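What follows is one structure encoded as structure tokens, with my remarks underneath.
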Amino acid sequence: MYHHVKRLMYTVNVGTPEPRFGNMLLEQFGGANGELAAALQYSIQGLNCDDPDRQDLLMDIGTEELSHLEIVGTLARMHLKPMKKSATAAESDPLVAIAGGGGATLCNSMGTPWTADYLKITGELDVDLRSNIAAEARAKIVYERLINFCDDPGTKDALQFLMTREIAHMKSFAFALDSLGKKPFSIGQIPPTPELVDQYFNDSTGVGDHGERDARGPWNSGNGWEFVEAPAFGEIRAGEGGRAEGKSRSAHR
Amino acid sequence: MYHHVKRLMYTVNVGTPEPRFGNMLLEQFGGANGELAAALQYSIQGLNCDDPDRQDLLMDIGTEELSHLEIVGTLARMHLKPMKKSATAAESDPLVAIAGGGGATLCNSMGTPWTADYLKITGELDVDLRSNIAAEARAKIVYERLINFCDDPGTKDALQFLMTREIAHMKSFAFALDSLGKKPFSIGQIPPTPELVDQYFNDSTGVGDHGERDARGPWNSGNGWEFVEAPAFGEIRAGEGGRAEGKSRSAHR
Amino acid sequence: MYHHVKRLMYTVNVGTPEPRFGNMLLEQFGGANGELAAALQYSIQGLNCDDPDRQDLLMDIGTEELSHLEIVGTLARMHLKPMKKSATAAESDPLVAIAGGGGATLCNSMGTPWTADYLKITGELDVDLRSNIAAEARAKIVYERLINFCDDPGTKDALQFLMTREIAHMKSFAFALDSLGKKPFSIGQIPPTPELVDQYFNDSTGVGDHGERDARGPWNSGNGWEFVEAPAFGEIRAGEGGRAEGKSRSAHR
Amino acid sequence: MYHHVKRLMYTVNVGTPEPRFGNMLLEQFGGANGELAAALQYSIQGLNCDDPDRQDLLMDIGTEELSHLEIVGTLARMHLKPMKKSATAAESDPLVAIAGGGGATLCNSMGTPWTADYLKITGELDVDLRSNIAAEARAKIVYERLINFCDDPGTKDALQFLMTREIAHMKSFAFALDSLGKKPFSIGQIPPTPELVDQYFNDSTGVGDHGERDARGPWNSGNGWEFVEAPAFGEIRAGEGGRAEGKSRSAHR
Amino acid sequence: MYHHVKRLMYTVNVGTPEPRFGNMLLEQFGGANGELAAALQYSIQGLNCDDPDRQDLLMDIGTEELSHLEIVGTLARMHLKPMKKSATAAESDPLVAIAGGGGATLCNSMGTPWTADYLKITGELDVDLRSNIAAEARAKIVYERLINFCDDPGTKDALQFLMTREIAHMKSFAFALDSLGKKPFSIGQIPPTPELVDQYFNDSTGVGDHGERDARGPWNSGNGWEFVEAPAFGEIRAGEGGRAEGKSRSAHR
Amino acid sequence: MYHHVKRLMYTVNVGTPEPRFGNMLLEQFGGANGELAAALQYSIQGLNCDDPDRQDLLMDIGTEELSHLEIVGTLARMHLKPMKKSATAAESDPLVAIAGGGGATLCNSMGTPWTADYLKITGELDVDLRSNIAAEARAKIVYERLINFCDDPGTKDALQFLMTREIAHMKSFAFALDSLGKKPFSIGQIPPTPELVDQYFNDSTGVGDHGERDARGPWNSGNGWEFVEAPAFGEIRAGEGGRAEGKSRSAHR
């Protein structure tokens, strides 16, 4: 059961409304990495969760994101207000101006309506927590970009609050994932095929005009990695004469 | 530049085609966590990437996912084939049967067309790597569920190959993230507000009929956490008499 | 600011889970006329509303719909649970089974993801109240159909609660519209063109094989109506000889 | 069966084309509350309708809306024409300019393609009539906003025609609903639960910084209403000591 | 201006309603290659067309497709009718049954709502005519598949009418394209680069397990073609030693 | 199996980045007629194709389009780069700037995410080849418009390469269709109804204010055509007195 209290979680002050910035703010209201996506992703994961302790975590943060949605919506509403009267302002977002009467709307900055396709919900707790950690990282960087494009101190102040909370949530989700005590790279029940899981396929090769190059790093050397030179490349050479030999065979056997 | 070789990365054998399972397989062909989503997410991140070493990683794995898409599509095509003739088979996926002529199609198992809304691309390398780690974890669990619902040994064998590679990719992305040497919970350039980032808001409280409860764990106690009893609850009590006192003030100030 | 309490607004009991019915229930979870659509339509109207009294109404009901979403989601989750294990159950909704792990998902019964395109928000208070009255009527009839297709007494009981509340909301919105004291058919500020607003264009004529016929009723006779015989028909006759004369001229001039 | 006559239902004159206004006009061509949505909503309701008299009404107005679509499309086409040559004009709507060659397109002003998600069709006649009344009210206010943002007298004149017809339709639908003789708030066959239908849940409480307040009005007092103080709030107090007493029990039992 | 006559363009008789087939029929009502797509593609091309003769063609066929939409919708409505009462029937398309009350709906057979993304409209007359020829070919084959999956003679008879008309339209569009007198492969005003337009890139090579092979035919030999062996392959060999020589150079210069 | 080589198929040089043009370029990256649509349409047709020779053609061109996607993406990335820092630049495409960090994104120029709804895949080889011919014609004209709106010589040069290749592909697809040796207007197996296939229905009649007129041409006269005067018009006259006589009967019987 939900209850709403008529106070914002963070007080919002806006100096001069800036419709173009109001339009940008919609990224965090009705956009792919915005507050509605966060609220619903966590709350629905929580609704379906069988682990009561981490279910509580999901519901706590899912509910907080609803309060953030309200803050972002209030900021957007204040910045979009000039669209009610001014044709110039309306050009920043004609959908908001003509169809929405100048209010906040569940679309992103380019008018694409919010869709549940943005959500990542698998019902596998550790997987969902990983999706949430990534989601908070994305939300943080989007707030940072909004702050960088913003001139109004009051707006920046509220965005700093919201941005900070994303990191707080990221920490909670990371601790919750650790607390499950799963081994690294262990997902679900079926183990991966032993040797194949340590192979790295070098499927993009060569050197490009803009500095592109073939690289080695801890993601494909050391750490038990077997480096498989381009499997398709082996096939191409085979096409010229015999079959490709060596490492590439193990990839397509 | 891309080249295609007319051999699958993994040989596919299907015993008795099972149209209903073919329909389920479309989750990994044209679904939210499927191979096209993986191929395009990594390849476009790679296209935009300024770090040539990790750009190579993104292109390697993005390209491998294209080869996986081909494998899943071949599996789906073989399982869907009876839809070309049989009305009963066609009922499993009328869109495939009537509009698509019984071939693999870029929709998920419920016929929803693939959309770029599935992709998570921010252009911030560490954030994108986190999104990729989560994406691989999701793909792994989806393959596991497909294996569990599958009776055909040849199909299971190919799915095991694909499932294993997702873990291999997950490892590469995790090592690549580590290799950036960023501090934990450090995203972008703007630091979060110091105390606020350590507060946990208890926004869902009480006890439910199905075992729901208010819980404490490393995600809200120890680790420097300040536990803030429900901010809105403080407001409600304040509404009854005076203003809420204490911790909840710091949340909405 | 929102707060969540870990009790459902209405206690839910489900006897034998029925996955196909669970799939149907998703219409009211992630469907066009479902609880998320209601919650967000009213809450965002409320966020943008300049009339504090009716804003309170919109927030009251918007928040109640969030609690309804939780009830429907819990019902759906219980009915969908067999999909976690059973391949037969999974065939009722492969997206839920394979991608969602058998939990409630923000899609409708055919797997279409929820979209903000379902919302009707104009920022014009009386218009929004009319949209809400219609929305409640639609939700009521959808619940009635679910009840008619349901065998489980506990589920029917919860659906009866939810269905009743839609009528309660419909009443509130109707009283709120009346309380604005607007004249009938008066929308916005610009008056309609006097005579034209009383013309009825008979644009579909003739008699059909399945009982279709040309009809008169209070919607096109009496009540000040001027009945204009098919404007295009006048043009067609005109094309045979001279120009159409009479009433049809006033329509297209 | 349909026939098209090569005359607009209303003659259209455009002075100086204004591409930005042409882009705004697309709201009524390919937008959520536009003429295609109206035409298809009523025509498909009519196709499915079992009541021959009101079926005729639905087909009459559904067909008229097709003629309106043609008018709006002609207006949009004339205003968008400069996009064929001018890069500056093209910036108002690059999709129209680059992909559509400067012609009217079935997208809204932000380029979102028209979708059947906009339609409200339940097959329950009185419910559909309510949806139509609300749809006409929305269309009216959108035309009013377009008129307010428009400088060209010829365009304003045509928009006034279209706006007026929406009110005419609204009247027809309202008389048709009345003529069904249904009791107020009576939808479908299953009656709502008696006492519960008269309860109003006060789910949003308190006082906000921008004038938000807890209000009473005919939508929650008098008229047989029982005012239920916030059900979740009762639960929260219960969480502090015993169970909540009184009205809130009846809400969630 | 449009007029509707209450007679179907082709009389429809349905024997025993078959809800699963009714669901399949929706492919031609609200599906990607269905009658609404055809009606709107041609009519909007016509609205924007500057060539009055072919504009008339586009309007003639666009209007006829509206009449076809009515026929398909009537067929679907009759086959879907059992969904009003029967839960078993409802399982064929729960969206139609629960949300739509058993009537035809603007979705495809998998419940995906119709979208203007299906339309191909460029505003370049010859290009649009090519898109229309292809669209009619697609619609023809979809009707053929529906006929093959249909047992009811009356339904087959109506589908044969509709299928035939698609070929009639295909012929008209082909003659209209020829009548423009454009040279083969001449699109727009800017000529293609001379030699490059005659090169064929062999970008997929090798031999596969299911009969895939590298082939030559009139699409890549004779007819002035220059056959360029895989450009990327040249790069790969170059990566082994020097730069690739020969034909492949001209491709990526 | 796919392999990627770190060289563009065509070298790209961009002078001064122009963010508004970068936004327009997205039409060919993530738009309806763009390179991803081409790559996936042909490659998936190829995956499902039973004719090994034309399957090779589909895979050759499908793979080449992936290399084109890379070129367009590189062009877009270079033109969009100023959005990383400049707020003015960001206003050209706030989604790219705020959510995407200034990189190329799989959306069109109005921010609509790429969707598989753009694809035309029926699994009927000759029909698919027709869809591909039309697709190449559309892509050609879109490139031409981009060239016309472009000032940068390096960008124009790369666009000329891409535009030329579309015509090369169009030729290949046309030769492949011819090589199937199908009779004109012969699609699938079921023959159209003999006389009906030669009837042309004059469903749009009259003369309009902007030069619209009723026309005759090879698409409705000669060539074996029977010209049927408006079928619905016949019905209207029939409604005035007796039934319509003559040709129109054969259309709707």
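Every chain is named by a letter (A, B, C, D, E and F) in the order it is written, and numbering of its residues begins at 1.
Methods note: contacts are C-beta pairs under 8 Å (C-beta built on N, C-alpha and C of every residue); 3 or more make two chains touch, one makes a residue touch a chain.
Everything quoted here is computed from the prediction, not taken from an experiment.
*Asks:* With centres defined as the mean of C-alpha atoms, identify the chain lying farthest from chain E.
*Replies:* For chain E, the chain whose C-alpha mean is farthest off is A.
*Asks:* Over half of the interface residue numbers used by both chain A and chain D, so same, or under half, so different?
*Replies:* At the contact between chain A and chain D, which are copies of one sequence, the residues are largely different (under half shared).
*Asks:* With chain centres taken as the means of their Cα atoms, state the distance from chain C to chain D in Å.
*Replies:* 11
*Asks:* If you average the CA atoms of chain C and of chain F, how many Å lie between those two points?
*Replies:* 36
*Asks:* What is the distance in Å between the mean C-alpha positions of chain A and chain F?
*Replies:* 32
*Asks:* Can you pull out the residues of chain D that are in contact with at least two other chains?
*Replies:* 1-9, 11, 32-33, 56, 59-60, 62-63, 67, 74, 99, 101, 107, 110-113, 115, 117, 122, 124, 141-142, 203-207, 212-214, 230-233, 235-236, 239, 252
*Asks:* Along chain E, where are the residues that touch chain C in the complex?
*Replies:* 1-8, 11-12, 74, 87, 90-91, 93-95, 97-99, 101, 107, 110-113
*Asks:* Any idea which chain A residues touch chain C in the complex?
*Replies:* 1-9, 30, 36, 40, 44, 47-48, 56, 59-60, 62-63, 66-67, 70, 73-74, 77, 99-107, 113-117, 119, 121-124
*Asks:* Considering the complex alone, what residue numbers of chain D touch chain A?
*Replies:* 20, 23-24, 27, 31-33, 92, 108-112, 141-142, 145-146, 149, 203-210, 212-214, 230-233, 235-236, 252
*Asks:* What residues on chain A touch chain B, complex-wise?
*Replies:* Those residues of chain A that touch chain B are 3-5, 7-11, 32-33, 46, 52-57, 59-64, 67, 115, 117-118, 120, 122, 124, 126-127, 130-131, 133-134, 137-138, 140-142, 144, 147, 160-161, 163-165, 167-168, 170-176, 178-179, 184-185, 187-190, 192-193, 196-204, 211-215, 217-220, 223, 231-232, 235-236, 239, 251-253.
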